[in-house]
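In structure tokens below, several structures.
Shared between the two complexes below is chain A, which has chain B as its partner in the first and chain C in the second.
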Partner chain A sequence: MSRPLLQVENLRVHFPVGGGLFSRPRMLKAVDDVSFQLAPGETLGVVGESGCGKSSLGRAVLQLIPPTAGRVLWLGEDLCRLDDDAMNVKRSELQLVFQDPLASLNPRMTVGGILREPLYSFEPGIARSEAEDRAAAMMRRVGLRPEMMNRYPNEFSGGQCQRISIARAMISRPRLVICDEPVSALDVSIQAQIIALLRELQAEYEVSYIFISHDLSVVRHLCHRIMVLYLGKLMEIGPKRDIFDTPRHPYTQSLLSAVPIPDPRRARQRDQKLLEGDLPSPLNPPSGCVFRTRCPHATPLCIKSAPVLEATGSEAHQVACHYWQSLTPETHTDQPTGE
Partner chain B sequence: MATGSVEKRARVAPAAEPATVLECRDLNVHFDTPDGRIAAVNGISFDLKRGRCLGIVGESGSGKSQTFLGILGLLASNGHAVGSVKLHGEEILNVPRRRLDAIRGEKLAIVFQDSITGLTPHKRIGEQLSEVLTEHRGLGRTAARAKVLEMLELVRIPEAEKRFRMYPHEFSGGMRQRVMVAQALLCQPDVLIADEPTTALDVTVQAQILKLFKGLADHTNTALVMITHDLGVVAGLCDEVMVMYAGRVVEHAAVDELFYAPRHPYTRGLLACMPRADRDSEALTAIPGQPPDLAALPAGCAFAPRCPYAFERCEAERPTLSLAAPGHARACHLEALP
Partner chain C sequence: MGFLTQRRDRQLAAMQAAGRTVGRSLWQDALRRFRSNKAAMGSVFVLAFISLMAIFAPMLSPHTLEDFYWEYILVPPTLENGHWFGTDANGRDMFVRTFYGARVSLTIGVMTTAVALLIGVTWGSVAGYFGGRIDNIMMRIVDVLYALPLLFFIIILVTVFGRNIYLVFIGIGAVEWLTMSRIVRGQTLSVKQKEYVEAARAIGLSNLVIVRRHVVPNIIGPVIVFVTLLIPTTILVESYLSFLGLGVQEPMTSWGTLISQGAASIDTGPWLLVIPGTFLAITLFCFNFIGDGLRDALDPEGR
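Moving on to the complex of A and B:
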């Protein structure tokens, strides 16, 4: 792997919740001791159930919420230690695309204004005509007609708004874009268009993505590596191939088992290992291994002690489970049928 | 993989066709708006059979929900349903409200995507569910309570006794959805309509709920309608699928036929643009363009602006649904897909 663009070390995001006059607030550990690296041009998928800390992780990396502890090294420099002005300069390199395309665009600005804004703030002194030309070029690049420059966001469909968001994120030529469920709100046929656009832009600009999604099908298609979170903790991380072909963590295995497969024969043959029960409250996570209340393999050891992340042979594939070595990984890749 | 051939083993043509429970013929739903009339559902016909599951697939706005809201008499005030819908031979489309309410409680039930809207926020779960039985079935309180507990256990609500006395907001999204399913099943309806019941849920919870539906379809006589935008959901659950586009059915076939031998360009396009969790896919073939605006539909085939095979006739003349093979209908001017 080339020199990492981003190194996240022992990141924690804890939110104080509740508390009143006489009681101290409790700490909700949205992200708890998460470490990972990202190489230039790489896409890292972040998956897990609702509330497991995906968005909090993304926002903490971008310093949109202050991390409680840990380091976020951007080309070796700790972003957590930068003051607001210095961080704002860095933002041209680190951008964000949200799930809800319309809500993330200023309704009172024209599309042209939305696209020119980052240029004016990151390249003060840029000539208006140049900003306009670049905005028009970017619109064309994401598949929108530049003639629509003077329209407002509410005049666009969901898919078009997501194209505008992507254009806004890309126009400052960032090296990292964090995509937080960028296609989840879109229709199936539009999802594929946006996924294709993200892939093309990556090839063209060598941008890295952190791709947050609950959809493992999309993640498999788009990501090079995948990270699985549960109640704020890293359960497993590794190259896509390892995660889908030899998933080691019981949680990863049940997540994969739960994904619907659009293939009736496969769906009928499949022996799904479904999770029982619901997510525990993040305010009161289980002791030891946080997954133990839903884990089919839990033992008394799992109640007492929290597993640490271990390499599984390949250094890049790491898992946090006491028993990963004795569990059989089941492939989630369809066996070749000799097409 | 041998695509064209349809596997005979599974669920295809059992010895005797189960009895038809609900018969929908030429259903149309339109809305009157200040800007004119919107034809949301056009000429839909289908039969629901005992113990079978029909999937309704389509993008947002394609008319999936309005079709069934029309059938159930639940359209917005500017909406009108025309056509014929027979439940056990009795016409139920546009019958007086009182009759519909009775049918809805007993014979037809619906579960919506947003489980909050289906439950009354300030009433304990147990109370809400028991009422269904005391009102529709005339059960006493004790009997109703026992039945409700049985249902909550069936949908795998842990510690049902304790949960009986809790309020909806004290449940997780997945649990609320299961409560909704329990409520819908209380009167053992002949038809259960599920409108995107898992769209807002995590995959793990979605899988639990789909398993519940699967058990229902396999072990009871309830006819199930699964409305969804996700072909993955349909594949594992349904016997038959209708694909909707712009307020019309564009393809209707047995589930294996639809997936392995699609005969409409839109269905084929949907299948080709979905990434899959069980295999690597280098490039997805996206369907270009956007779903049409119902207020400004083209004169011919509504899919023509996005269809890779469109030819002159498509722009001039709207294709109608016709059989391309036994039990396999599609609305397209092409004889066969290239």
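Moving on to the complex of A and C:
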């Protein structure tokens, strides 16, 4: 691995919630003590159920919400300590793509206007003709006809809107794009097209992705490494093959068993470990290991003390569970890891 | 029908051949829906007619506001002597007075609404966009001002500064922007959640640019509807103030002043009440029809 592009250290995002005139607000720990690194050209998948803090993590990395604590090192420089102007200069290198295709685009602007806006912002004084040419080239690159430049977002399908969003993110040639569930709102057939597009763009521009999803089967095709979050905490992180073949954390194991298997015979043979119970309130997380209320292997130790992240066999594969060694890892060899 | 679609197809083909594709914005969609609303379109024409008359009738008429015709005191409307709307108890031509009153009433309606619009949109969008403590303080101020009764406020202004038409502008505008700012704030809060606002922050735009380019254009629909309902409200408030003797001063006149004078002479000259009253009522109806039409046209659910 070359020098990391991004190093996130002990990142915390806490939201004050409630709190009236006389009561102090309670702290909702959306992201709690999360650390990871990202190499140039790498894709890191971030998975976890809805409400686990995936979006908050992405927004805090981009400084769109202020992190409560921790450091976000971009090529060694801490983004949290930059003032607004300095951060805005950096933003051409860090972009994002959202889940809701239509809400991502201002309905009152033409597609051309939407694509030119980043250029005018990052390259003040750029000639209009050059901005138009580059917007047209970018439209062609994401598979849209440049003649549609003067149209408004409401005239496009969800998949096309997502292509426009991707074009807007890519037009400033960023080095990191955070994709926050970019295909979750799309039909399955269109999901594959968008993922293929993201892959092509990665090969072409050597961009890194943080790919957020609540669905492991989506990240499988795109990611080099995978990180599993639960209630704002890092449960397991490792290379894709390790996560799919030898998942160590009970939460990862149950997420994997929820991934549909096309072959019904093999699906029946598989040990079903679907999650029981609901996600506890993030305002009032369980003591000790946050996963213990839904973990089939929980013991009194899990109530008392929180497990720390430790390396498994390989240094790259880390897990936060007291009993990872004694839990026989499922052999999920029937899961094609995809390439 | 077939001819029309054929023509449209040919136009489209011609434009595509020219290498351009036209987009249909939400505005254009809304305009198309508004055009198909007969009551609203009819109201637009009626209002345009009244406005044109307000501008040109006093200029073109041989009579002025201050001509007293002693030989024509309280003459009912007729086509014979040149006083089409009759004359009042002082022998003044009611045609000129009615449209002069229209000038004043419509101007007050539009100007005070413009004042309310400017302050209300700025105040509400800033409060909504920044949220938190700024929002809290700004909206508390609005709450406090809300508690102040309009009439009381204007009586104070008039007693302190004397009777003056500009005070009426300021007084009404100063009260009406409060509702506007609440509407705008609520809209801003919901637009702020939209991902395109976050995307705008991610490309490093300043807050001012984001509010101007991404927030205001997306909250303007309900604001336009409110404006069309605010104009008749202010016209009515002005009439009410004039009726109480707090409005414009002679020889200037407004529909409110005319109605108040007409009400005093309802036995001797009913047309003095009926004519300005009818114009006021028609104008209020027209604005309401237009407001309804705009609301239906701009409502995204209505598509």
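Methods note: the second predicted complex is superposed on the first by the 333 of 339 C-alpha atoms of A that agree within 3 Å, B and C clash if a C-alpha of one lies under 4 Å from a C-alpha of the other, contacts with A are read in each partner's own complex, and residues count from 1 in each chain.
Note that contacts are C-beta pairs under 8 Å (C-beta built on N, C-alpha and C of every residue); 3 or more make two chains touch, one makes a residue touch a chain.
Note that the coordinates shown come from a computational prediction; the quantities given were computed from them, not determined experimentally.
Aligning the two structures on chain A places chain B and chain C side by side, free of any clash. In the superposition on chain A, A:275 contacts chain B only, with no contact to chain C. Judged by the touch definition given at the top, the superposed model places A:214 against chain B, while chain C stays out of reach. When the shared chain is aligned, chain C comes close enough to touch A:104, but chain B does not. Using the contact criterion defined above for the overlaid structures, shared-chain residue A:50 touches chain B, although it does not reach chain C. If you count the residues of chain A touched by chain B and by chain C, you find the higher number for B.
In the overlay built on the shared chain, the residue A:122 is in contact with chain C alone; chain B does not reach it. In the superposition on chain A, A:148 contacts chain C only, with no contact to chain B. Applying the stated contact rule after C-alpha superposition, one finds that A:254 touches chain B and leaves chain C untouched.
In the superposed model, the angle subtended at the C-alpha centre of chain A by the C-alpha centres of chain B and chain C comes to 80 degrees, rounded to the nearest 10. Of the two partner chains placed by superposition, only chain C is touched by A:96; chain B is not. Per the superposed model, the minimal spacing between any CA atom of chain B and any CA atom of chain C is 11 Å.
In the superposition on the C-alpha atoms of chain A, no part of chain A is touched by chain B in one complex and by chain C in the other. Only residues 1, 7, 10, 59-60, 156, 158, 172-175, 202-208, 210-211, 229-236, 255-256, 259-260, 269-271, 273-281, 283-288, 290-291, 306 of chain B touch chain A when the two sit together in their complex. The part of chain A that touches chain B in the complex is made up of residues 49-50, 157, 159-160, 187-193, 195-196, 214-218, 220-222, 244, 254-268, 270, 272, 274-279, 332-334, 337, 339. The part of chain A that touches chain C in the complex is made up of residues 59, 62, 64, 87-89, 91-92, 94-96, 98-100, 103-111, 117-118, 121-122, 147-152, 154-155, 165, 168, 172. Here chain C touches chain A in the complex through residues 16, 19-27, 194-196, 198-205, 213-214, 217-218, going by the rule given at the top.
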